[in-house]
Amino acid sequence: MTIDDAVPATAATRELVAKLHDELIRWQLVVWTAGNVSSRVPGADLFVIKPSGVDYDALAADNMIVCDLDGNVVDGERAPSSDTAAHAYVYRAMPHVGGVVHTHSTYATAWAARGEPIPCVLTAMADEFGGEIPVGPFALIGNDDIGAGIVKTLSGHRSPAVLMQNHGVFTIGRDARAAVKAAVMCEDVARTVHIARQLGAPLPIDPADIDRLFDRYQNVYGQR
Amino acid sequence: MTIDDAVPATAATRELVAKLHDELIRWQLVVWTAGNVSSRVPGADLFVIKPSGVDYDALAADNMIVCDLDGNVVDGERAPSSDTAAHAYVYRAMPHVGGVVHTHSTYATAWAARGEPIPCVLTAMADEFGGEIPVGPFALIGNDDIGAGIVKTLSGHRSPAVLMQNHGVFTIGRDARAAVKAAVMCEDVARTVHIARQLGAPLPIDPADIDRLFDRYQNVYGQR
Amino acid sequence: MTIDDAVPATAATRELVAKLHDELIRWQLVVWTAGNVSSRVPGADLFVIKPSGVDYDALAADNMIVCDLDGNVVDGERAPSSDTAAHAYVYRAMPHVGGVVHTHSTYATAWAARGEPIPCVLTAMADEFGGEIPVGPFALIGNDDIGAGIVKTLSGHRSPAVLMQNHGVFTIGRDARAAVKAAVMCEDVARTVHIARQLGAPLPIDPADIDRLFDRYQNVYGQR
Amino acid sequence: MTIDDAVPATAATRELVAKLHDELIRWQLVVWTAGNVSSRVPGADLFVIKPSGVDYDALAADNMIVCDLDGNVVDGERAPSSDTAAHAYVYRAMPHVGGVVHTHSTYATAWAARGEPIPCVLTAMADEFGGEIPVGPFALIGNDDIGAGIVKTLSGHRSPAVLMQNHGVFTIGRDARAAVKAAVMCEDVARTVHIARQLGAPLPIDPADIDRLFDRYQNVYGQR
């Protein structure tokens, strides 16, 4: 009996995760194989993630990797993404998170290389991030340091995105699609604010207005 | 009886508006769902606009939203764009306007973040905008402040584009295609002038030459 | 009898010119309808050029415009490009030129906005341009000033590209494909040298080495 | 008898080399015809390289050029890439190298124009390059100077990429695909570090951490 037989929601999650990687390419967040999306399997202590070092063109539901929340492979012929431990840590620590995305998208990673948060100077940034996009610690791959840095940083912020110092971006969402959206919007605002700053200081937005924009967007925007 | 039966021009307007969103993607003015096009329905006090929070790939004539000039939905199953009130305000206040476009295109929004108008230092900018691209006020979504800021700013300018402070771009046109063209050209000149300024001061163009270029372009260019 | 019957080479030239506009899109040199390619009709005092204000998608051999060397339309239902007079001037003044291209490509136009030539600090630039890319005068559309400025500036240079001040780029070639290549390479070097200069001064290349590179490239490179 | 009959591995190598050029376009490393990939033919003193001055669209297995390790054409109707001598030099001097790539990718070439190595301030850069990306000497085409400069520079570094001063990038790999990956990653880190530096100084990474990241990535990452 396969894991998809035991947990039928797994099949749809594989399909979703494979397909969402197309968005990383479409919005130019990744090169080569350097970025990954995962999704919690609804109703199970499992998540689905991209295999390691495989071309985006070759991603499909049947080569996605199913892991338990400790990051152990439950089903899959290949090695999971080398960032699997960080994804697993987030799922263990943040039960409301249904999806995690990691990229080295150019502008966001440039802020991360300076260890500098992105200031909230755009209404769209207030909508989506509710303030600045914070910086998490420098951490090496290979243990729980990256996962712990993500969780610690995001726990104090409304932002669903964190810039890991000298590394790249991790985003979270209630589901994988929301995490992908946060990754796309993070790069978009990282780029716009960078370009704004190249020729002078962006005008600040009153923190009370940031609160108003964030509250409205989280509660009103989109199809209900 | 549907609204398209009552106002037959509505059907063609839906088709046009759905299709013009392709241009926002093609010329890289938008990410995710962050931009919208609307068009007045010829001969009626109605306009057609994009639904809120829906992927560009999923846009089609039959999911466009028809609104009256107060921004109330007349026909459509989904919520209209969250920027509908601003579009409606422009149609009410500016009877010659047949189309409105809103984007957060990167370079134009970077100028908007600094609250700085784009100076007219390119002949193509003189052609299309007849001078600088002005900045409108900071305004929150949720009432008529954005619409009123657009109308007040554009009323004193030849430019069909306004940079709303800390927000993004609104453009107008005699029809929706002209408004889309203005959005495309606004980003193009915002980018070129930004890049020019990165390495020094662009050379000014004599205001009398700007007038000559604008007059000629508005009256001679294109197919008659 | 049509012009294509009278001058059979015209048909192939229409095909070529329509198709070469695809390269302007592919290499991102143009937005909307802002750029044009023309080609002399071999063996005739004619050239073929893009119609004015028509979408790139709609360009085809049968809607190209055939002009005489004074820029008068000899065959075509639409108005020719508004830059036709400049193309015509070049063909009249420079008999060795078989193709002309005009764009507002971003980085080249940024140099043009500052009226600053692009210094030759890349071996690929030495190959293709044999030195700096020069700046031509500010000139208004509507008479021969643009054409005369192009010809005067290029006559003193090995470069097949000229940056017209506050305007954009014109390139020439022995045929239209060579002029398109020059437009592509002009934007490429404009971008690379701009980016190099953002973080410091590019290293100069010895003028004698520029000569060696140019001579070799013009005589050895490519398929003979 | 053809070379492919004599050395059957040649046929597959032609196919691979033609196809890998698609990656140069996909990741926007090249314009027009300015970049090339080569691959050693396994088990033979031969390599396969792109023909000179031919469009990427027209590349196919049967128009690839087969050369011996002195760069002489063994099979092929066209002239080989004008960079063939440099590729040949690398294959002669570095027996472990199975593939070589050359591009003028924008950001990497901008660093090369200033003669400035790219500092290792990103974990992905530590993974792939094990430290800074070094600069090789200014060298003219036409003899072994470029090849010798590549080999001399890379021999003292873990980096598979070298920035040739005022020229562009050469990368090496155990096979051609690895060399292409290095070219893609080189441009990606050149761009990100450039953008980081535009607004301040990137934070350094401890050299011991760079060593740890490099060792882990070379030994653990990807599918085993």
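So that you can tell them apart, the chains are marked A, B, C and D in the order they are listed, and the count of residues begins at 1 in each.
Keep this in mind: a contact is a pair of C-beta atoms (placed from the backbone, for glycine too) under 8 Å apart; a residue touches a chain by one contact, two chains touch by 3 or more.
Since the model is a prediction, treat every value here as computed from it, not as a measurement.
Enquirer: Walk from subunit A over to subunit C along touching chains and report the minimum step count.
Expert: The fewest steps needed to get from subunit A to subunit C is 2.
Enquirer: How big is the rotation relating subunit B to subunit C when the fit is done on Cα atoms? Please round to the nearest 5 degrees.
Expert: 90
Enquirer: Using Cα averages as centroids, what's the distance between subunit A and subunit D in whole Å?
Expert: 31
Enquirer: Quick one: subunit B and subunit D, Cα centre-to-centre, how many Å?
Expert: Roughly 45 Å separates the two chain centres.
Enquirer: Check each residue of subunit C and list the ones that touch at least two other chains.
Expert: If we look for residues of subunit C contacting two or more partner chains, we find 198.
Enquirer: Could you list each pair of chains that touch, in label order?
Expert: Per the contact definition above, the touching pairs are A-B, A-D, B-C, C-D.
Enquirer: Which of the residues in subunit A end up touching subunit B in this complex?
Expert: Checking each residue of subunit A against subunit B gives 27, 121-124, 181, 184-185, 188, 191-193, 195-196, 198-203, 205, 209, 212-213, 216, 220-224.
Enquirer: Quick check on the complex: what are the subunit B residues that touch subunit A?
Expert: Where subunit B meets subunit A, its residues are 31-32, 34, 51-54, 78-79, 82, 104, 106-107, 109-111, 113-116, 138, 140-142, 165-168, 194, 197-198.
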